[in-house]
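Have a look at the structure below, then the notes.
Chains: A, B and C, in written order; residue numbering restarts at 1 for each.
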(Lines give C-alpha, C1' and ligand atoms only; values in the text may rest on other atoms or scores of the structure.)
Protein backbone atom coordinates (compact mmCIF):
# COMPACT_ATOMS: atom_id res chain seq x y z
CA UNK A 1 0.00 0.00 0.00
CA UNK A 2 1.32 3.40 -0.94
CA UNK A 3 2.19 5.72 1.91
CA UNK A 4 1.02 9.27 2.55
CA UNK A 5 4.00 10.82 0.74
CA UNK A 6 3.70 8.39 -2.17
CA UNK A 7 0.08 9.47 -2.50
CA UNK A 8 1.13 13.12 -2.46
CA UNK A 9 3.68 12.46 -5.20
CA UNK A 10 1.02 10.73 -7.28
CA UNK A 11 -1.32 13.68 -6.70
CA UNK A 12 1.45 15.98 -7.99
CA UNK A 13 1.84 13.74 -11.04
CA UNK A 14 5.39 12.81 -10.09
CA UNK A 15 6.74 9.33 -10.82
CA UNK A 16 10.11 8.86 -9.16
CA UNK A 17 12.50 7.78 -11.93
CA UNK A 18 15.17 5.12 -11.83
CA UNK A 19 18.08 6.75 -10.05
CA UNK A 20 21.02 7.95 -12.16
CA UNK A 21 24.16 6.11 -11.12
CA UNK A 22 26.77 8.33 -9.47
CA UNK A 23 29.21 9.52 -12.12
CA UNK A 24 32.16 8.67 -9.88
CA UNK A 25 33.36 6.68 -6.90
CA UNK A 26 30.80 7.62 -4.25
CA UNK A 27 27.28 6.69 -3.20
CA UNK A 28 24.07 8.65 -3.70
CA UNK A 29 23.26 8.84 0.01
CA UNK A 30 24.54 8.02 3.46
CA UNK A 31 22.28 7.42 6.44
CA UNK A 32 23.87 7.72 9.87
CA UNK A 33 21.86 7.65 13.09
CA UNK A 34 18.75 9.13 11.49
CA UNK A 35 20.64 11.77 9.55
CA UNK A 36 20.51 11.28 5.77
CA UNK A 37 22.83 13.16 3.43
CA UNK A 38 22.03 12.93 -0.28
CA UNK A 39 24.80 13.64 -2.79
CA UNK A 40 24.48 16.60 -5.12
CA UNK A 41 21.94 15.72 -7.81
CA UNK A 42 21.79 17.02 -11.36
CA UNK A 43 18.65 17.64 -13.45
CA UNK A 44 18.84 14.18 -14.99
CA UNK A 45 15.94 12.44 -16.71
CA UNK A 46 16.32 8.76 -17.60
CA UNK A 47 19.96 8.91 -16.55
CA UNK A 48 20.79 11.80 -18.86
CA UNK A 49 21.36 15.37 -17.66
CA UNK A 50 18.59 17.35 -19.29
CA UNK A 51 19.62 20.94 -18.64
CA UNK A 52 23.08 22.03 -19.76
CA UNK A 53 24.56 25.50 -19.77
CA UNK A 54 24.30 28.57 -17.59
CA UNK A 55 21.76 30.89 -16.09
CA UNK A 56 22.31 34.41 -17.27
CA UNK A 57 23.34 32.78 -20.54
CA UNK A 58 21.15 30.60 -22.75
CA UNK A 59 19.01 29.23 -19.93
CA UNK A 60 15.89 31.04 -18.77
CA UNK A 61 14.76 31.39 -15.16
CA UNK A 62 11.80 29.16 -15.99
CA UNK A 63 14.02 26.41 -17.36
CA UNK A 64 16.34 26.80 -14.37
CA UNK A 65 13.36 26.46 -12.03
CA UNK A 66 12.33 23.26 -13.81
CA UNK A 67 15.92 22.00 -13.57
CA UNK A 68 16.07 22.60 -9.82
CA UNK A 69 12.73 20.82 -9.46
CA UNK A 70 14.04 17.85 -11.46
CA UNK A 71 17.23 17.78 -9.36
CA UNK A 72 15.10 17.62 -6.21
CA UNK A 73 13.06 14.76 -7.72
CA UNK A 74 16.38 12.92 -8.04
CA UNK A 75 17.16 13.78 -4.41
CA UNK A 76 13.79 12.22 -3.51
CA UNK A 77 14.67 9.02 -5.35
CA UNK A 78 17.70 8.48 -3.14
CA UNK A 79 15.96 9.68 0.00
CA UNK A 80 13.34 7.02 -0.66
CA UNK A 81 16.08 4.39 -0.87
CA UNK A 82 17.52 5.70 2.41
CA UNK A 83 14.06 5.17 3.94
CA UNK A 84 13.87 1.59 2.69
CA UNK A 85 11.16 2.69 0.28
CA UNK A 86 8.94 4.43 2.81
CA UNK A 87 9.08 8.23 2.43
CA UNK A 88 6.61 8.55 5.32
CA UNK A 89 9.64 8.00 7.56
CA UNK A 90 10.93 11.49 6.69
CA UNK A 91 10.73 13.66 9.80
CA UNK A 92 12.32 16.83 8.45
CA UNK A 93 13.91 18.30 5.38
CA UNK A 94 16.80 19.93 7.26
CA UNK A 95 18.76 21.66 4.54
CA UNK A 96 18.93 21.99 0.78
CA UNK A 97 22.03 23.31 -0.94
CA UNK A 98 21.56 24.83 -4.38
CA UNK A 99 24.35 25.37 -6.88
CA UNK A 100 23.45 27.47 -9.91
CA UNK A 101 25.84 27.51 -12.88
CA UNK A 102 25.71 31.12 -14.01
CA UNK A 103 27.45 34.17 -15.33
CA UNK A 104 29.07 36.64 -12.90
CA UNK A 105 26.22 39.09 -13.63
CA UNK A 106 23.40 36.72 -12.67
CA UNK A 107 21.41 37.68 -9.56
CA UNK A 108 18.23 35.55 -9.56
CA UNK A 109 19.63 32.38 -7.99
CA UNK A 110 16.77 32.28 -5.49
CA UNK A 111 14.10 32.18 -8.20
CA UNK A 112 15.84 29.18 -9.77
CA UNK A 113 16.33 27.28 -6.51
CA UNK A 114 12.66 27.74 -5.70
CA UNK A 115 12.02 24.89 -8.11
CA UNK A 116 13.49 22.57 -5.49
CA UNK A 117 12.12 24.34 -2.42
CA UNK A 118 8.58 24.64 -3.72
CA UNK A 119 8.48 20.92 -4.43
CA UNK A 120 9.90 20.05 -1.00
CA UNK A 121 7.05 21.94 0.66
CA UNK A 122 4.46 20.56 -1.78
CA UNK A 123 5.52 17.00 -1.01
CA UNK A 124 6.26 17.13 2.71
CA UNK A 125 4.16 20.07 3.90
CA UNK A 126 5.48 21.66 7.10
CA UNK A 127 8.12 18.93 7.43
CA UNK A 128 9.41 20.13 4.08
CA UNK A 129 10.25 23.65 5.27
CA UNK A 130 14.03 23.68 5.16
CA UNK A 131 17.12 25.76 5.69
CA UNK A 132 18.80 26.60 2.41
CA UNK A 133 21.97 28.04 0.94
CA UNK A 134 22.01 29.01 -2.72
CA UNK A 135 25.12 30.12 -4.56
CA UNK A 136 26.35 30.70 -8.06
CA UNK A 137 29.11 28.57 -9.58
CA UNK A 138 31.07 29.00 -12.81
CA UNK A 139 30.42 25.41 -13.87
CA UNK A 140 29.15 22.04 -12.66
CA UNK A 141 29.97 18.42 -13.49
CA UNK A 142 28.94 17.47 -17.05
CA UNK A 143 28.01 21.14 -17.75
CA UNK A 144 24.78 20.76 -15.76
CA UNK A 145 22.99 24.05 -15.08
CA UNK A 146 21.88 23.20 -11.54
CA UNK A 147 22.87 20.88 -8.68
CA UNK A 148 20.87 20.26 -5.50
CA UNK A 149 22.03 18.42 -2.35
CA UNK A 150 20.00 17.60 0.75
CA UNK A 151 20.17 16.76 4.44
CA UNK A 152 17.25 15.04 6.14
CA UNK A 153 16.10 13.54 9.43
CA UNK A 154 14.30 10.22 9.15
CA UNK A 155 12.66 8.00 11.73
CA UNK B 1 17.10 39.11 32.47
CA UNK B 2 19.66 39.07 29.69
CA UNK B 3 21.83 35.99 29.41
CA UNK B 4 25.60 35.70 29.27
CA UNK B 5 25.74 35.83 25.45
CA UNK B 6 23.28 38.73 25.30
CA UNK B 7 25.60 40.59 27.70
CA UNK B 8 28.58 39.80 25.48
CA UNK B 9 26.71 41.11 22.42
CA UNK B 10 25.88 44.33 24.32
CA UNK B 11 29.53 44.65 25.34
CA UNK B 12 30.48 44.33 21.65
CA UNK B 13 27.94 47.04 20.81
CA UNK B 14 25.85 44.66 18.72
CA UNK B 15 22.07 44.95 18.62
CA UNK B 16 20.56 41.98 16.82
CA UNK B 17 18.36 43.43 14.06
CA UNK B 18 14.95 42.30 12.94
CA UNK B 19 15.56 39.26 10.76
CA UNK B 20 15.34 39.73 7.00
CA UNK B 21 12.60 37.50 5.60
CA UNK B 22 13.86 34.68 3.37
CA UNK B 23 13.73 35.84 -0.24
CA UNK B 24 12.11 32.59 -1.30
CA UNK B 25 10.17 29.52 -0.18
CA UNK B 26 12.28 28.26 2.72
CA UNK B 27 12.84 29.01 6.39
CA UNK B 28 15.78 30.78 8.04
CA UNK B 29 16.67 27.85 10.27
CA UNK B 30 15.83 24.26 11.10
CA UNK B 31 16.44 22.70 14.51
CA UNK B 32 16.51 18.90 14.63
CA UNK B 33 17.57 16.96 17.75
CA UNK B 34 19.89 19.68 18.99
CA UNK B 35 21.42 20.35 15.58
CA UNK B 36 20.59 23.79 14.17
CA UNK B 37 21.21 24.67 10.53
CA UNK B 38 20.88 28.35 9.60
CA UNK B 39 20.22 29.26 5.96
CA UNK B 40 22.82 31.25 4.05
CA UNK B 41 22.65 34.85 5.23
CA UNK B 42 23.52 37.96 3.26
CA UNK B 43 25.02 41.19 4.63
CA UNK B 44 21.59 42.76 5.10
CA UNK B 45 20.87 45.72 7.34
CA UNK B 46 17.24 46.63 8.02
CA UNK B 47 16.14 44.03 5.49
CA UNK B 48 18.25 45.47 2.69
CA UNK B 49 21.46 43.88 1.41
CA UNK B 50 24.14 46.43 2.17
CA UNK B 51 27.13 45.11 0.26
CA UNK B 52 26.71 44.45 -3.45
CA UNK B 53 29.38 43.51 -5.98
CA UNK B 54 32.55 41.47 -5.95
CA UNK B 55 35.81 41.11 -4.10
CA UNK B 56 38.73 41.63 -6.41
CA UNK B 57 36.47 44.18 -8.09
CA UNK B 58 35.03 47.31 -6.49
CA UNK B 59 34.87 45.90 -2.96
CA UNK B 60 37.83 46.14 -0.61
CA UNK B 61 38.96 43.43 1.79
CA UNK B 62 37.90 45.67 4.67
CA UNK B 63 34.40 46.10 3.30
CA UNK B 64 34.22 42.37 2.60
CA UNK B 65 35.27 41.66 6.19
CA UNK B 66 32.51 43.96 7.45
CA UNK B 67 30.04 42.21 5.13
CA UNK B 68 30.96 38.77 6.46
CA UNK B 69 30.60 40.12 10.00
CA UNK B 70 27.15 41.51 9.18
CA UNK B 71 26.14 38.22 7.57
CA UNK B 72 27.10 36.40 10.75
CA UNK B 73 25.07 38.87 12.81
CA UNK B 74 22.12 37.79 10.69
CA UNK B 75 23.00 34.16 11.35
CA UNK B 76 22.92 35.01 15.07
CA UNK B 77 19.44 36.49 14.75
CA UNK B 78 18.06 33.19 13.50
CA UNK B 79 20.17 31.11 15.87
CA UNK B 80 18.61 33.09 18.71
CA UNK B 81 15.15 32.23 17.39
CA UNK B 82 16.19 28.58 17.20
CA UNK B 83 17.14 28.83 20.88
CA UNK B 84 13.77 30.32 21.84
CA UNK B 85 15.52 33.60 22.54
CA UNK B 86 18.25 32.23 24.81
CA UNK B 87 21.65 32.20 23.08
CA UNK B 88 23.18 30.74 26.25
CA UNK B 89 21.79 27.42 25.01
CA UNK B 90 24.44 27.35 22.25
CA UNK B 91 26.87 24.50 23.00
CA UNK B 92 29.05 24.73 19.90
CA UNK B 93 29.47 26.61 16.66
CA UNK B 94 30.12 23.50 14.57
CA UNK B 95 30.69 24.88 11.09
CA UNK B 96 30.51 28.12 9.14
CA UNK B 97 30.38 28.14 5.35
CA UNK B 98 31.58 31.29 3.62
CA UNK B 99 30.76 32.18 0.03
CA UNK B 100 32.70 35.12 -1.40
CA UNK B 101 31.53 36.67 -4.69
CA UNK B 102 34.78 37.46 -6.46
CA UNK B 103 36.81 37.59 -9.61
CA UNK B 104 38.74 34.51 -10.77
CA UNK B 105 41.98 36.25 -9.72
CA UNK B 106 40.94 36.86 -6.10
CA UNK B 107 42.91 34.94 -3.47
CA UNK B 108 42.12 36.56 -0.08
CA UNK B 109 38.86 34.78 0.71
CA UNK B 110 40.11 33.86 4.16
CA UNK B 111 40.71 37.48 5.16
CA UNK B 112 37.12 38.31 4.18
CA UNK B 113 35.54 35.35 5.97
CA UNK B 114 37.43 36.28 9.14
CA UNK B 115 34.76 38.92 9.63
CA UNK B 116 32.37 36.12 10.51
CA UNK B 117 34.85 33.87 12.31
CA UNK B 118 36.29 36.62 14.50
CA UNK B 119 32.81 37.59 15.67
CA UNK B 120 31.86 33.96 16.39
CA UNK B 121 34.85 33.64 18.72
CA UNK B 122 34.28 37.11 20.25
CA UNK B 123 30.67 36.21 21.08
CA UNK B 124 30.93 32.55 22.11
CA UNK B 125 34.55 32.22 23.24
CA UNK B 126 35.89 28.67 23.00
CA UNK B 127 32.42 27.40 22.04
CA UNK B 128 32.69 29.71 19.02
CA UNK B 129 35.76 27.98 17.54
CA UNK B 130 34.36 26.33 14.43
CA UNK B 131 35.20 24.30 11.38
CA UNK B 132 34.99 26.37 8.24
CA UNK B 133 34.97 26.13 4.47
CA UNK B 134 35.45 29.28 2.43
CA UNK B 135 35.11 29.41 -1.34
CA UNK B 136 34.81 31.92 -4.13
CA UNK B 137 31.66 32.16 -6.24
CA UNK B 138 30.96 34.11 -9.45
CA UNK B 139 27.78 35.62 -8.04
CA UNK B 140 25.28 35.39 -5.18
CA UNK B 141 21.54 36.03 -4.85
CA UNK B 142 20.65 39.73 -5.25
CA UNK B 143 24.30 40.49 -6.21
CA UNK B 144 25.38 40.24 -2.54
CA UNK B 145 29.15 40.19 -2.05
CA UNK B 146 29.16 37.62 0.77
CA UNK B 147 26.97 34.81 2.13
CA UNK B 148 27.49 32.95 5.42
CA UNK B 149 25.72 29.76 6.59
CA UNK B 150 26.06 28.00 9.93
CA UNK B 151 25.63 24.71 11.77
CA UNK B 152 25.32 24.68 15.55
CA UNK B 153 24.73 22.38 18.51
CA UNK B 154 22.30 23.70 21.12
CA UNK B 155 21.15 22.35 24.46
CA UNK C 1 50.46 -0.61 18.26
CA UNK C 2 49.17 0.77 14.99
CA UNK C 3 45.47 0.33 14.29
CA UNK C 4 43.79 -1.24 11.30
CA UNK C 5 43.43 2.07 9.44
CA UNK C 6 47.02 3.08 10.26
CA UNK C 7 48.14 -0.22 8.76
CA UNK C 8 46.05 0.46 5.65
CA UNK C 9 47.62 3.90 5.29
CA UNK C 10 51.10 2.37 5.60
CA UNK C 11 50.14 -0.23 2.99
CA UNK C 12 49.10 2.63 0.67
CA UNK C 13 52.45 4.33 1.33
CA UNK C 14 50.80 7.32 2.99
CA UNK C 15 52.45 9.10 5.90
CA UNK C 16 50.08 11.62 7.42
CA UNK C 17 51.92 14.95 7.40
CA UNK C 18 52.05 17.58 10.10
CA UNK C 19 48.78 19.48 9.76
CA UNK C 20 48.88 22.90 8.10
CA UNK C 21 47.69 25.53 10.54
CA UNK C 22 44.38 27.13 9.60
CA UNK C 23 45.09 30.30 7.64
CA UNK C 24 42.57 32.26 9.71
CA UNK C 25 40.61 32.38 12.94
CA UNK C 26 38.98 28.94 13.00
CA UNK C 27 39.86 25.37 13.91
CA UNK C 28 40.57 22.44 11.59
CA UNK C 29 37.78 20.28 13.00
CA UNK C 30 34.88 20.20 15.42
CA UNK C 31 33.60 17.04 17.03
CA UNK C 32 30.09 17.17 18.47
CA UNK C 33 28.27 14.09 19.75
CA UNK C 34 30.02 11.72 17.39
CA UNK C 35 29.69 13.99 14.37
CA UNK C 36 33.02 15.36 13.11
CA UNK C 37 33.20 18.25 10.65
CA UNK C 38 36.61 18.93 9.10
CA UNK C 39 37.29 22.38 7.65
CA UNK C 40 37.95 22.76 3.95
CA UNK C 41 41.46 21.48 3.25
CA UNK C 42 43.81 22.59 0.48
CA UNK C 43 46.37 20.43 -1.36
CA UNK C 44 49.13 21.48 1.05
CA UNK C 45 52.38 19.58 1.51
CA UNK C 46 54.64 20.55 4.42
CA UNK C 47 52.37 23.50 5.15
CA UNK C 48 52.62 24.92 1.64
CA UNK C 49 49.81 24.71 -0.93
CA UNK C 50 51.26 22.61 -3.71
CA UNK C 51 48.73 23.04 -6.50
CA UNK C 52 47.86 26.58 -7.57
CA UNK C 53 45.74 27.68 -10.50
CA UNK C 54 42.67 26.38 -12.30
CA UNK C 55 41.34 23.28 -13.96
CA UNK C 56 40.48 23.98 -17.55
CA UNK C 57 43.49 26.29 -17.45
CA UNK C 58 47.08 25.27 -16.77
CA UNK C 59 46.22 22.33 -14.51
CA UNK C 60 45.59 18.87 -15.96
CA UNK C 61 42.94 16.43 -14.75
CA UNK C 62 45.74 14.19 -13.47
CA UNK C 63 47.27 16.98 -11.39
CA UNK C 64 43.82 17.96 -10.14
CA UNK C 65 43.16 14.35 -9.12
CA UNK C 66 46.45 14.32 -7.19
CA UNK C 67 45.50 17.64 -5.56
CA UNK C 68 42.14 16.31 -4.42
CA UNK C 69 43.90 13.23 -3.04
CA UNK C 70 46.38 15.42 -1.15
CA UNK C 71 43.53 17.57 0.18
CA UNK C 72 41.84 14.45 1.52
CA UNK C 73 45.11 13.34 3.15
CA UNK C 74 44.98 16.67 5.01
CA UNK C 75 41.37 15.94 5.96
CA UNK C 76 42.59 12.61 7.38
CA UNK C 77 45.21 14.37 9.48
CA UNK C 78 42.54 16.37 11.28
CA UNK C 79 40.10 13.46 11.44
CA UNK C 80 42.82 11.51 13.21
CA UNK C 81 43.18 14.32 15.76
CA UNK C 82 39.39 14.31 16.22
CA UNK C 83 39.69 10.58 17.00
CA UNK C 84 42.39 11.14 19.59
CA UNK C 85 44.86 9.48 17.25
CA UNK C 86 42.83 6.34 16.58
CA UNK C 87 41.36 6.31 13.07
CA UNK C 88 39.79 2.91 13.80
CA UNK C 89 37.11 4.91 15.63
CA UNK C 90 35.75 6.15 12.28
CA UNK C 91 32.31 4.61 11.72
CA UNK C 92 31.36 6.34 8.47
CA UNK C 93 32.58 8.88 5.97
CA UNK C 94 29.24 10.69 5.68
CA UNK C 95 29.94 13.40 3.13
CA UNK C 96 32.77 14.97 1.18
CA UNK C 97 32.43 18.38 -0.40
CA UNK C 98 34.68 19.14 -3.34
CA UNK C 99 35.42 22.61 -4.65
CA UNK C 100 37.26 22.76 -7.96
CA UNK C 101 38.77 26.08 -9.07
CA UNK C 102 38.09 26.13 -12.80
CA UNK C 103 37.11 27.98 -15.90
CA UNK C 104 33.43 28.37 -16.83
CA UNK C 105 33.96 25.85 -19.64
CA UNK C 106 35.30 23.05 -17.40
CA UNK C 107 33.08 19.96 -17.09
CA UNK C 108 35.23 17.19 -15.54
CA UNK C 109 34.88 18.13 -11.87
CA UNK C 110 33.96 14.55 -10.99
CA UNK C 111 37.19 13.12 -12.40
CA UNK C 112 39.18 15.56 -10.26
CA UNK C 113 37.23 14.93 -7.06
CA UNK C 114 37.72 11.18 -7.51
CA UNK C 115 41.22 11.74 -6.13
CA UNK C 116 39.61 12.29 -2.73
CA UNK C 117 36.81 9.73 -3.09
CA UNK C 118 39.05 6.91 -4.31
CA UNK C 119 41.36 7.39 -1.34
CA UNK C 120 38.46 7.47 1.11
CA UNK C 121 37.31 4.07 -0.13
CA UNK C 122 40.87 2.70 -0.30
CA UNK C 123 41.47 3.67 3.34
CA UNK C 124 38.12 2.93 4.97
CA UNK C 125 36.60 0.30 2.68
CA UNK C 126 32.81 0.18 2.83
CA UNK C 127 32.81 2.71 5.70
CA UNK C 128 34.49 5.10 3.27
CA UNK C 129 31.61 5.12 0.77
CA UNK C 130 30.28 8.65 1.11
CA UNK C 131 27.76 11.14 -0.17
CA UNK C 132 29.41 13.87 -2.18
CA UNK C 133 28.77 17.23 -3.77
CA UNK C 134 31.28 18.58 -6.25
CA UNK C 135 31.10 22.07 -7.72
CA UNK C 136 33.23 24.49 -9.67
CA UNK C 137 34.40 27.77 -8.16
CA UNK C 138 36.08 30.77 -9.78
CA UNK C 139 38.83 30.86 -7.14
CA UNK C 140 39.85 29.47 -3.75
CA UNK C 141 41.87 30.84 -0.83
CA UNK C 142 45.56 31.31 -1.70
CA UNK C 143 44.80 30.44 -5.36
CA UNK C 144 44.56 26.73 -4.49
CA UNK C 145 43.18 24.56 -7.30
CA UNK C 146 41.12 22.27 -5.07
CA UNK C 147 39.48 22.27 -1.63
CA UNK C 148 37.93 19.26 0.14
CA UNK C 149 35.78 19.28 3.29
CA UNK C 150 34.41 16.30 5.20
CA UNK C 151 31.74 15.11 7.61
CA UNK C 152 32.22 11.89 9.57
CA UNK C 153 30.66 9.72 12.24
CA UNK C 154 33.07 8.43 14.88
CA UNK C 155 32.60 6.09 17.82
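Some points to look at:
Please note the rule applied: contacts are C-beta pairs under 8 Å (C-beta built on N, C-alpha and C of every residue); 3 or more make two chains touch, one makes a residue touch a chain.
Being a predicted model, the structure only gives us computed values, none of them experimental.
Two copies of one chain, chain B and chain C, form a contact in which under half of the residue numbers belong to both partners. For the copy pair chain A and chain B, the superposing rotation over Cα atoms measures out at 120 degrees to the nearest 5.
Centre to centre, using the average C-alpha position, chain B and chain C are separated by 25 Å. Among all residues of chain C, those that touch two or more other chains are 35, 104, 137-138. Only residues 22-30, 32-33, 35, 37-40, 54, 97, 99, 101, 104, 137-143, 147, 149 of chain A touch chain C when the two sit together in their complex. In the complex of the two chains, the chain A residues touching chain B come out as 34-35, 56, 91-96, 102-111, 113-114, 117-118, 121, 129-138, 151, 153.
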